[in-house]
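Here's the structure we're looking at; comments come further down.
The letters A, B and C name the chains in turn, as written, and every chain counts its residues from 1.
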Amino acid sequence: MSWLDTVVQGVLLGGLYALFAAGLSLVFGIMRLVNLAHGDLIVLAAYLILVLVTALGLNPFVAALVAMPIMFAAGWALQRLVLNRTLGDDILPPLLVTFGLSIVIQNALLEGFSADSRRIYAGGIETASLAIGPVNVGVMPLLTLASAVLAIVALNQLFYRTSLGRAFRATSDDPVTAGLMGIRPNRIFAQATGVAMVVVTIAALYLGTRANFDPATGPSRLIYAFEAVIIGGLGSLWGTLAGGIIIGVAQTVGAAVNPEWQILAGHVAFLAVLLARPRGLFPRAVD
Amino acid sequence: MSVDALSSFRVTTGTRASGAFALVAAALIVIAFAAPLFVSRSVIQNLFFILTMLALAQNWNLLAGYAGLVSVGQQAFVGIGAYAMFGAVILGGMDPVAAIAVGGVAAVLLAIPTAFFVFRLYGAYFAIGTWVIAEVARLVVAQWKSLGGGTGTSLPRDATRSIWGQEAVAALFGVRGPHAADIVSYWLALVLVIATIGFIYRLLRSRQGLGLAAVRDNQDAARSVGVDALRLKTLVYLAAAFGTGLVGALIYVQKARISPDAAFSVVDWTAYVIFIVVIGGIGTIEGPIVGIIVLFLLQNALSDYGSWYLLLLGLIGIAVMLFAPRGLWGFFTDRTGIELFPVRRNLIVAPGATPDKGGPHG
Amino acid sequence: MTLLQTRDLKAFYGDFQALFGIDLALAAGETVAIIGANGAGKTTLLRSVSGIIANAPEAVTLEGRPIGALAAPEVVALGIAMVPEGRKLFASLSVEENLLIGRYGRDVAGPWTLDSVYGLFPVLKERRNVPATALSGGQQQMVAIGRALMSNPRVLLCDEISLGLAPVVIRDIYAAFPRIRESGAAIVIVEQDIGQALRVAERVYCMMEGRVTLSGRPGELSREAIHAAYFGVHA
């Protein structure tokens, strides 16, 4: 395997990690909430897509479209009923509640689907590949990266071109003054978490079609997502994409040296960035 | 205000309940040490589980409840403590009991560079940062081929058959070797719990403890009156790592079999611990004690229901955090005013002395 | 007729009582000034009316309807907009976005649109795409006023708009008030600057230590009376 090939595969893998991370980045940027159940919510969405595919015989991509509004509603309700109650100056409640949620989701999935690993079959597209110059590129990884770029473009449009996006940013700046504008922060937060869950559903589609997953898959995905967000700089979506790609390339390069070093190499890259640039590569001017 | 008037005030941390409790606690400790005389081996094993989880919970509570450092990566120190103990026994030929100390030291040695990384992260990101460190430690240890790599290994039989004190206990109590080893482990766990609680209690009543409370309440204000927040937090982080490493090593002396996935398990060594502290009452010494009792009862009641048990525990943890954030013990204290380990300073006014009315210029 | 009224309005910050029963009335289209020293309770009064601080329902009424217990977003929707003390512009939003967000909770037809606000403060149009906090203090105050106007309010609450600004800038900003009044909005101006308040207002309330100590038309109040009401009898 050539080094060029290794790096290209890493960049494509980074697209998946950026999708994992975009929702986390969005929610953190708006309400300074770190959701420790984020990885488990991705896995939950993957099971939802799996159920839609097997029960209704839907194509996975169609199933993901069906799952999006369901996940939006779930995220909206989760924020409205649970997470909004935890927001405030004290960091303990949101951390401990989302950590508890993570354990609850994992064990509920374990009860419902057993510990067996599953996979969403996408009808052969998983094995298709394209020759781009000297490297062979899988169609699915390519679609993943394209989806990540599209998701980030769409989120940026939402953020900077719509009334809801203005309300997101205003609430993030100053919730009290936002109230004077007629913005209800709790509703804005619920909508933001709903949007994050739509991105989570896209991430789940690729998580589930590219590799096996089981109820315990979530936490490691949370860690990759978190690393991508920190590397990119808190609150910058393009930075998050860059962060995902750095983790992805580090993993494929590590794996090329020694297959057992794949995951470790990603973590080491994260620690190296943290050491050199504690605020990430693209920190926000206003924080 | 004259010096005379000042002398009629006294600052104390004691309460009436705490005085009575000190006597009860002393009696309990004596009974606990004597327990192997009159309870079965399975009870000793249950008590060992309770005591080691309590020690882990007290250490996590010191971090999160008193220093505001919410770690979800304490499994790093359990794992490294356990593996260092295994290394000292298998590669260094040490006695497992002596090797427990190696586990504690190894945890501190891991904590020093770790602190350097995670203290760059604030709040919630600190939490996930500690988790990353634990993952790195797990993956690196899995590369340690002489200790079994990813599949793990067991303590050699001749090491587990003759740990310090085992023969004497076997002779004294008239029990077989493995039973005697459990009794030794149990006593060590008891000593660890008493030492941990004693250390935390003394720390909280000291000047540093007061500084810690100030940092938790308002870091900037504490700094402005001369409290070195970073130094205090680092101290607490290293102390908790040492304690957690010792407990990890002790747990695996008793288990005698190790693997990276088990020794660095976030569920076993951090999730349960967090639920113990949150349900019992975070930020109090009594809370983890209440929490471990609740956890043990739930575990026995729900042992046949598999993952429903953790599911329920998660839901209880969430409910407590939302509706009774100070836990069961906080709920109890609010209603009764009883504190067994009082660390708050109370101003006692001697009879006859009338304090001046408050106000900025008093 | 009375548009906005407070009756025996009391406000607390924890155990600390900041207002001790304020009675105040505002007629439709009227401009009223509230003056007083630092800590007199002026800002607390506006925060109570705008819904940032919750009160007894009957303590504040709009056309007889009790609104004292409503939250800020509900109060804005009824047509009471606030220019908060210190401007409180959104740093992540451009000048134009700050204006647009002003009608988030009350998007009604009326005299105030992006164009008419730019007509009132032409300098903002030139700098519409700049981050709001990059403007000068006076221009930021114009954005804050424009942002409140975008909801086409029936009552405009202005908290200390001259604070920290140079006299010439203050004059420019107050020059816009006649046009705001012509648009039909009733205005409540909270000021420490007595001279400015007396020039622009039809009626004046003077507050001290959480109570109204004097009220009346500017022409009918003597300097001495205002002085005593402002600083207390010891002054």
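Operating definition for what follows: a residue touches a chain if its C-beta (ideal position, glycine included) is under 8 Å from a C-beta of that chain, and two chains touch if they have at least 3 such contacts.
From a predicted model like this one, the values you see are computed outputs, not experimental measurements.
Trainee: Using the contact definition given at the top, which chains are in touch with both subunit A and subunit C?
Mentor: none
Trainee: If I average the C-alpha coordinates per chain and also across every protein chain shown, which chain's average lies closest to the global one?
Mentor: So the chain nearest the centre of the shown protein is A.
Trainee: Please flag the chain sitting at the greatest distance from subunit B, going by CA centroids.
Mentor: If we average the C-alpha coordinates per chain, C ends up farthest from subunit B.
Trainee: Just curious, how far off is subunit C from subunit A if you go by their C-alpha centres, in Å?
Mentor: Distance between chain centres: 44 Å.
Trainee: For subunit B and subunit C, what's the span in angstrom between their mean Cα positions?
Mentor: Taking the average C-alpha coordinate of subunit B and of subunit C, the gap between them is 55 Å.
Trainee: Could you state the distance in Å from the CA-based centre of subunit A to that of subunit B?
Mentor: 34
Trainee: Sort out for me which residues of subunit A touch subunit C in the complex.
Mentor: Touching subunit C: residues 163, 166-167, 169-170, 172-174, 176-184, 286 of subunit A.
Trainee: Report the residues of subunit A in contact with subunit B in the complex, numbered from low to high.
Mentor: So the residues of subunit A touching subunit B come out as 33-34, 36, 82, 85-86, 91-97, 99-104, 106-108, 110-111, 219-220, 222-223, 226-227, 230, 260, 263-264, 267-268, 270-271, 274-275, 278.
Trainee: Which residues of subunit C touch subunit A in the complex?
Mentor: These residues of subunit C touch subunit A: 50-52, 71-73, 76-77, 81-82, 84, 88, 90-93, 97, 100-102, 104-106, 147, 151.
Trainee: Under the stated contact criterion, what part of subunit B meets subunit A in this complex?
Mentor: So the residues of subunit B touching subunit A come out as 64, 68, 70, 72, 117, 120-121, 123-125, 127-129, 131-132, 135-136, 139-140, 142-143, 150, 266-267, 271, 274-275, 278, 282, 306-308, 310-311, 313-315, 317-318, 321-322, 325.
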